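First chain A sits with chain B, and in the next complex the same chain sits with chain C.
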Partner chain A sequence: MITQQMTTRQAAMWFILFQLGSAFLLLPRVLAGTAKQDAWLSVLIAIGAFFLLVPLYTAIAKQLEETSFSDYILELFGRIGGKLLLCGFIVGYPYLLYIIVLRDLSDFLTTSFITETPAEPILVLMMSAVIYIVRSGAAVIGRTVEILFFLVMLLFAFGYVSLIPSAEVTNLMPVLEHGWNPVLLAAFTMLIFPYSEMMLFLFLVPNIRQARRWKKAVVKSALVSGSMFLLMTLLTISVLSDGVVSNIMYPSYFAVRTISIGDFYERFEVLVAVLWYITIFYRLSLFLHVSVQGLAVVLGLQDPRPLLIPLSLIALVMANIIWPNTAGYTAALQVWPFYSMFFGIFLPILIWMVGIFKRAKNSISKEN
Partner chain B sequence: MLAPILVLFLVAALLEYRSLKIQKRYREIISSVILLAAGLTLGILRLLHVEIPSPMSGIKTLFQPISHLLTRLLYI
Partner chain C sequence: MRRTRRTHSLLSPLCLLICMGIMTMILTGCWNRRELNELAVVLAVGIDSADGQYEVSVQVAEPSQMSRNRGSDRSPVSIFSQKAPTLFEAFRKITTKSARKMYVAHIRLVIFDEQTARNGIKEPLDFLFRDHEVRPDFYMVVTKGTSAKDVVSFITPTEILPSIGLYKTLKVSEKVWAPTSAVKVTEMLKKLTKTGVEPVLTWGKIVGDVRKGKTPENVKQPASFSEFKYFGVSAFRGDRLVGWLNESNSKAYNYITNKVSSTVGNVNCPHSKGDFVVEVSRSKVKIVPSIQRGEPRIQLETTIDANLGEIGCPVDLTNEATFLAMEEAARKSLMKILKDGVREAQSMGSDIFGFGEAFHRKYPRQWSQWKENWNQKFKKIPVEIKIDYKLNKIGKIISPFGNNLSKKE
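Moving on, here comes the complex of A and B:
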């Protein structure tokens, strides 16, 4: 299969929507649960810490040169070892995330939006769109993202700029009431979810062609999504206060519900739901894209597309049993960063070091 | 609600296999059929209300100690 090309601009837009994804609704609660009113400080620290990870990812992207990430793993760890590692990675990270994000989608829609509809039809409708776009390839995703990106930004501006009149700065005071520790813990959570998931973008390096352009897309997208998170956290906490934010499941959705200017300008939460639906779509399509590409290499297939339907079917069934209820979800969310850390931080470090070692060994054998 | 969805996926997959068979992509068909069979089995088990263990519970038992440790360390 020929790798389809994307421009840097399309890639950056895709990455931004990917990061906004589930974090857009869940992050304020997760952050405010630990860092209270200082959650906005954790956002700043997390973005700062992410820029320390960018050189690591870029170094791997440079090592890749023309090969794809999955082929590179096979090259580094041998055929059998590489396939085992790649299979474990795909099932344990992008595919598991695909299942979790599907559950996120049905949880949100069935609890706060379309409460009468069962989860399966919602998921099947979403999945058919995701399967279709992943079948069409990265170039098509890039072109659709250029249209929908501006819609998302417009909806975001509508929803959150309207919150500014009801924001109260006193809700953000006192700064650092409980010291730095809770702030750092919350920043760590945010660095792992959603930022270290950026390591999956390494699978897209061949589509963007050059490591330099790839880095540009990653840095741009982290800056834009980071400032959106900052604005959103600041506004949600200053409107609702940290006590409320840490107790509601979807605070950024709830905050927009409180907008009411002159009994006329109100009920903007539907816009937020639409915004979230679009971002989740791009999140799911990246996870599915990476999962099929990786598994096709593991199974030695030329065409990854026949895997789309069976993998989505398994994900649909698993999405309903991944956790029993919202309480199970909250418990899982506390443990998740520690699990995700292995794939987002430790695995790239391992690949980078093995890559350097291999290259040094190759250059020595060439000299002899 | 799950039963018609399983049928829907099966039909979609069968349609795809027909075009793959013309292209003689047998490796693709076999791996896809195995995964599809796994998915259908999971779906049928769920229709019969058999308890399927969640992968998340394994992760939780493995990583809960680290999470508790770090939380306690940072709060003291």
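Moving on, here comes the complex of A and C:
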């Protein structure tokens, strides 16, 4: 299999769009629901906490050296154990996320724009693009992301800078009214979703070649997406107040809907949907990329491409049944961080420690 | 090698055919498209309560009347109204009367009658917030005396579409006339979720002959038989209407909540009969909460910049002392307006100024104790008003003309 190379810049851009993905629409509500008007503090804490995780991820990236992440797991846990672990991981994390994000996409479009359209056509269209780009490989993704990244930034600036005149700082007061606990809880949610999902980037280490460059991409992307989240949370809450934000399905979209300057600079909220569509596209492509790469190793396939279509077809069916209704989804979102934590934090710790242990053992046996 | 083969395969006739086939399926247009000639654009919605049900009246633009060479024999809008227990049901039931489906993305104005407002507006608003088509940028108005249906079916001068007329009147008067306050949906939403501030809505009523106002005759002569006039704001407690503020009290509300961008005020002349008028160009009120002996207190720090706009009494403006006396008179008159306004809101027990929110921000701990019975506390809260009033300019002339004559006599 030819490894496809990406530059650090391309990787950072891909990671940024990946993190913006679903969180862009959902996060303000989730944060404001817990931390009320202090949600912006949670964003700061979450980013700070994420930088504590970065050394862990980088350590694993260094351990990888030339092997890919999936091969490395096999190396650490043996052929059978490694394959079982990897299979469980892929199905339980990136592939599950692939399904969930597909559902997010259809849910958003069918509640806010095209209410009478069934989910399938929306998903099929999106998925065919995702399959095509993942089939073309990481290098192609890297090049397309360089074009679309600036479009996303432009749309973001267009939509959210126009909110500044209607922002009221009083909506952010009083600071820390309910103490630190809700703030920390919300920060934890944000650390897990979307930041700990960055452990999936470990699959891309061979595409970026060096652990050092990989780390640079991860740090850069977290800083950029983090400041975008911060700005967005500050603006949505100061424009709408926390009580409203926590009761609206897609507050960042709703906030842009309220913009009306001079009776003609208004009604462009559909741009937010465009922005979201692009970010979701890169999010989905990363999940699918990781899923097929990992499953190909599990199944012993030389070429992961034949897996693309079957996996997507299963996901298409699963996306419609993964939760029965919107209320179920809201409930699922509450337990999600605790579930996701195992893959995003505990699993990397396990891999890292086993890696150290193995290496120590190897060096001892070499000396002998 | 491999690459050339792949590009070749992409261009093969079979592949092209398949691509074209897929394209035709994708490019069929929107799934739930709605042609313009199937839609009825709703501009205003009137909501009345009638025997336990809502009566929804919608004002729909008549497309044929919007063109340049329109016939004048038809009304530019049509009104449909329907009774139903819920709003959504009523909207859908209207299709039994109208040839087109209601398109609600362009609602400019929602009008409640007094009864609906007193029963609570949360319920009717829920549909308007929940529906994906409705945009959060319409204004809301409460009508006194007449039903909302009357207001919706009323014909206004100047604008062809009555709802646009009402909408623009509200917007323009809000900018230059302190008592009116245009309340948008998002503001209402915010206030409904906050505990320390109560919402307000503009109120108005039809003055003149309601029956004649609904006929085209209303605009066939220069002076119309009746018109819809905005009076001031109405105070709510939660989502229920509790009282109407008159012009002066509404003015106080807009001053205290910093909604005045420009207005004029009438002041009695200091030493002689007659009035003079000040045009307020800048006004800023700071609500300063404090706690004295465990009890809340409010101080309103007001800064006003104003200009003399009209003088109806003989004064000599070359003399600074006279000017300062006028400034003082204007200050006192504003003081009275603010005091009366606060007293009125206190007697209604509705914290429309957001004093509670001011405490919430500054004293979150005490606020959590007071939150429950804030309405009782608000009624008794002492309010101190400080005004820093500055009269600046006097316009193009100095003293009123003819002053010298009166001095000679």
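Rule of thumb we're sticking to: the second predicted complex is superposed on the first by the 368 of 368 C-alpha atoms of A that agree within 3 Å, B and C clash if a C-alpha of one lies under 4 Å from a C-alpha of the other, contacts with A are read in each partner's own complex, and residues count from 1 in each chain.
The criterion applied here is as follows: a contact is a pair of C-beta atoms (placed from the backbone, for glycine too) under 8 Å apart; a residue touches a chain by one contact, two chains touch by 3 or more.
Only a predicted model underlies this, so the values are computations on that prediction, with no experimental measurement involved.
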| item | value |
| --- | --- |
| Chain A residues touched - chain C or chain B, whichever exceeds | B |
| Which superposed partner A:121 touches (first chain B, second chain C, both, neither) | both |
| First, second, both or neither for A:113, with chain B first and chain C second | second |
| Which superposed partner A:240 touches (first chain B, second chain C, both, neither) | second |
| Touching partner for A:260 - first (chain B), second (chain C), both, neither | second |
| Which of chain B and chain C A:313 touches, first, second, both or neither | first |
| Partner chain in contact with A:185 - chain B first, chain C second, else both or neither | first |
| Partner chain(s) touched by A:177 [first = chain B, second = chain C, both, neither] | second |
| Touching partner for A:338 - first (chain B), second (chain C), both, neither | first |
| Residues of chain A that lie at the interface with chain B and also at the interface with chain C | 118, 121 |
| Chain A to chain B touching residues, read off their complex | 96, 118, 120-121, 124, 181-182, 184-185, 299-303, 306-307, 309-314, 316-318, 320-324, 328, 331-332, 334-336, 338-339 |
| Chain B to chain A touching residues, read off their complex | 1-2, 5-6, 8-9, 12-13, 16-17, 20, 25, 27-29, 31-32, 35-36, 38-40, 42-43, 46, 52, 54-56, 59-60, 62-64, 66-67, 70-71, 74-75 |
| Residues on chain A engaged by chain C in the complex (per definition of touch) | 111-118, 121, 125, 170-171, 173-174, 177, 239-241, 243-244, 247, 254, 257-258, 260, 266-267 |
| Chain A contact footprint on chain C (complex, rising order) | 26, 30-32, 132, 135-137, 184, 186, 189-190, 192-194, 357, 360-362, 364 |
